[in-house]
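Paired with chain B in one complex and with chain C in the other, chain A is shared by the two complexes that follow.
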Partner chain A sequence: MILLEATLAGLVLGGMYALVALGLNLQYGVARIMNLAYGEGVIVAAFAAWWLYTAGGINPIFGLALILPAAFAVNWLIYRLALTPLVRRAKLREQLEVDSILATFGLLFVVQGLMLVAFGGAYYSYGFLSVPVVIADVTIAANRLLALGFALVLGLALYLALTRTRIGTAVRAVAVDPVAAGLVAIDVRQVAAASFALGGALVAAGGVLVSMFLTFNANIGVVFTMKALIVVIMGGVGNLLGCLVAGLILGLTETFVATWVDPGLTLAATYAIFLAILLVRPQGLFGRAAR
Partner chain B sequence: MRRGAVIVAIAALALGLLAFVPWIADGYQLSLAIGILNYAVLATAWTLFSGPTRYVSLATVAFFGIGAYTVAVLGEVLAWPVVLLIALGTGSVVALVVGFATLRLSGVYFVIFTFGLAELIRQVVTWFEVNVTRTLGRYVFVDISQEQIYWQLLGLTALVFGAGYAIRRSRLGLALRVIGDDEVVARHLGIGTTAAKVALFTFSAGFMTLCGAIMAPRWTYIDPAIAFNPVVSFQVLIMALLGGAHRLYGPLLGVIPLTLLFEFLLARFPNHFSILIGLAFMAIVYAIPRGITGLVEQASARLRRGAAP
Partner chain C sequence: MLEIARVSVAYGQHRAVDDVALRVAKGEIVVVLGANGSGKSSLLKTIARVLPSAPGGSVRLAGREIADLPPHAVVEAGLALVPEGRGIFGELTVRENLMLGAFARRARAGEAANLARVLALFPRLGERLGQAARTMSGGEQQMVAIGRALMSAPDILLLDEPSLGLAPLICGELFRALTRIREGGIGILLVEQNAKRSLAIADRGYLMAQGRLVGEGDAARLRADPAVQRAYLGHFDAA
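What follows is the complex of A and B.
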């Protein structure tokens, strides 16, 4: 009984992690930007959804329709204004990696500082659709099911867009080899900017969905960044299916540890998984070996 | 060889003069001097590893906090040198584990691992304190004055610089510079890259841990949130990069102005502090990626080219 309940809660959480990590996979796998400010997107979007709901009475699902395009635009601007100079400057991929880590580490503190000034360190939440639903003797809040449903829809839409459309194929080509992609007349810069922005939109979606059922404050963005990074590595960089599986594994592990061991040890459990992956399969569960 | 002797003599003289600071300075100036030495040790220790290898470590405060927390737990029970040794041992073991897990792989795994390390240790310590010892937050009652902290830090600064100087001249230092330039080449030359990286990372972490242990008596009260404050890692990174991580003395050029600047900012704009240092850091990354020492070297190279056409 508890097992079923924990499994369902773990799947919901894991679905969120997978969605958030999908966006990071686009930013890192395609645009080659290692974005340490990534998790701040979760928090900004969560606060935006909270504000729309409490001040404007707009429910988070409609909020999603407003926040997603806004997040896409903001992230596109960030890439164009802040990250393009670094892309131009970097001669090697490693150099861009280091520079983007440093620049986004600075950005992390700026965004976090702005959030702290605006909202303080207190925890926020709002009650949207928190009615119990009973599925096969297990009770779960409707907002969690809705969040999981939306995460699945968004993930599936991304998968189809990447595998079935021309633009999606171009994105995958840039992920595999930016230089060769340029040779076959793909505008690598545009594709990279669009992928970065799309990644930002996905993390915002994750933030809105998470805000429906979790409490959040201005400081927890870092934890989401960390988890998204671990999921991306565990699934293998550039591997969407791996991302989904790894996200679910992480969500289930955390929920099980929180249920049967201690809620204070969830991050330790996450790190234990990370350590195991690094020691046994650093290329990820489904990644190909690469040096 | 003669140039080396001159450098050593100047350093020794500076050190001798600095030892007199506690007798001239008032309380505020002394605490400022302690702040500068603290960051000088941390930023230089950071550079020991991250300078030559170009592996960005974001875990400075993890080791600093381990040192500080060891003092909080054992400071009253054991003699001071024993406490320092235990702190050093704990920090080194953690660094070894982290190093062996991540430094076999490419740099990005290391960055990610160190990014969350302080938060992980903070949560585990919090959990342990709440569930096992049932005391979250400890008072540090150690009979050590501000002056003694200053002298210990000054000694540690001397050690860090001495060690850095010695490493640069050793086979290990050369190996690390090759790794930083091209790791594949380094492996083909027969350098045991993982062992070299892990050794230096542990060494650098040891200094950070000791620094945290020495600084701990400055707070009378320590809890995990104070000991593992992520802003410390961030400040160390900014200072080292502003000064220039490719020279041993580089971080020092960043530490002095930035410690003063941060002191001013923290007093004037306590609520906007993290926004301001975030912006300052981004400015440094964009405008002076090789730091002050890089700027100076560039300028002097240009002058020399201008003088000899």
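What follows is the complex of A and C.
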């Protein structure tokens, strides 16, 4: 019974990691921005959901409908105002990666500082749908199930959009070859801006869903940045299926270790798996060997 | 009709393209011949705006100045480049490559008809629509690249050494396809090392050396010109 319970909890956590990492994959894989402030998006969205719920009585599912478009808009603005100058002056992709690391490192401290001023360092949470549900003898909180369901829906929607629509195919084309993408009339800058913004919306979705069942504070954004990075690298940059599998592996590992070994060792276990996979497959589980 | 004038490209101090003027009319094949490093690829890339040109040049498509447009807008204006090394999306399928070819708004209405035309031109692509482009043979990849460019419904098609690395048989197939594309009214600017084959299908030609155009004329006249034979066709006489 404990095994089933831990597995379910691990899948929920892993689903969150996968969703958050999908957004990073868009920002890094398509827009070529290595966003170190990425995980701050989780926390900002979590506080937004908390505030909407406690102050406005708006439940987080409706909150998603407000927060996702707002996150898209904010991230689009960040790209246009702060990152486009870097894109303009970068002659090579590698240079843009380095520049964006420095720029978003600064952004991390700005966002984190603002949240510390607003909310202090205390942990926050709220009780939405925290009623137990029993499935085949396993008990799980309803909010966790709901979070997993929404993560699946969002991930599936993204997958279908990227593989079944022309604009989604164009996004993948920019990821594999931006110069050739320009040759087929794709406005590469616009696609990059939209992908960055969409990535920001996905990480916000992750934040809202996570806030329904985890406690959070203004400092833990960087943990999500790290985990998203691990999932993206472990799954293979630019690979959606890799994101899903690596996210689930991470979630399950953490939950199992916390249940049977020691909660203090989850991070160590995460890195052990990360290292082991990279030793065997440096390009990630589903990545293609470097050109 | 494509008309360029005073077009130059510089890499730092080095002028790879120096004050070039040429024109390509609808329904004609124009070949640019030149040795390695003479600036042919740089010329095509700067016309398609994937490479910035020095100020002062003019690139006009059907009378409209396109020298200051971004690459995607050049395609919308009716000019498509098949670059050196093909530039296809290897990870995507043949169908996705062709579908992206029609990403330009100008190409949407005629997409189905264009696809039928491309598949009639290269029947082999029709059998391989679901295959990842990078797993195709070199000749087939070149067909994907040309097919993708045609899907944008261009008025002018630029081709950078399409025959490079291809066996003679498939090369002949490709050049026959180019003549059929010309019959459809598209103007083709073709950069080639294979002087014999390209002069055989071309209407006119230009000779390029060290970034400058050093000669031009009807294809028939160029073929007969002893200087051209020595510089560009000698290799084939010896063979």
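We take it that the second predicted complex is superposed on the first by the 290 of 291 C-alpha atoms of A that agree within 3 Å, B and C clash if a C-alpha of one lies under 4 Å from a C-alpha of the other, contacts with A are read in each partner's own complex, and residues count from 1 in each chain.
We adopt the following convention: a residue touches a chain if its C-beta (ideal position, glycine included) is under 8 Å from a C-beta of that chain, and two chains touch if they have at least 3 such contacts.
It should be emphasised that the depicted structure is a prediction, and the values quoted were computed from it without experimental measurement.
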item	value
Touched partner set for A:241, first chain B, second chain C, both or neither	neither
First, second, both or neither for A:183, with chain B first and chain C second	second
Chain B versus chain C as contact partner of A:4, first or second or both or neither	neither
Partner chain in contact with A:114 - chain B first, chain C second, else both or neither	first
Which superposed partner A:170 touches (first chain B, second chain C, both, neither)	second
First (chain B), second (chain C), both or neither touched by A:261	neither
Residue contacts with chain A in the superposition, chain B compared against chain C	B
Shared chain A contacts, counted only where both chain B and chain C touch the same residue	none
Touching residues on chain C, where the partner in the complex is chain A	48, 50, 70-73, 75-76, 80-81, 83, 87-92, 96, 99-101, 103-105, 107, 148-149, 152
List of chain B residues in touch with chain A within their complex	54, 56, 58, 101-102, 104-105, 107-109, 111-113, 115-116, 119-120, 123-124, 126-127, 130-131, 230-231, 234, 237, 241, 271-279, 281-282, 285-286, 289
Parts of chain A lying in touch with chain C, wherever the complex brings them together	166, 169-170, 172-173, 176-177, 179-189, 288
Residue ranges of chain A touching chain B (in the complex, touch as defined)	34, 36, 82, 85-86, 89, 94, 97-99, 101-103, 105-114, 116-117, 222-223, 225-226, 229-230, 233, 262, 264-265, 267-268, 271, 274-275, 278-279, 282
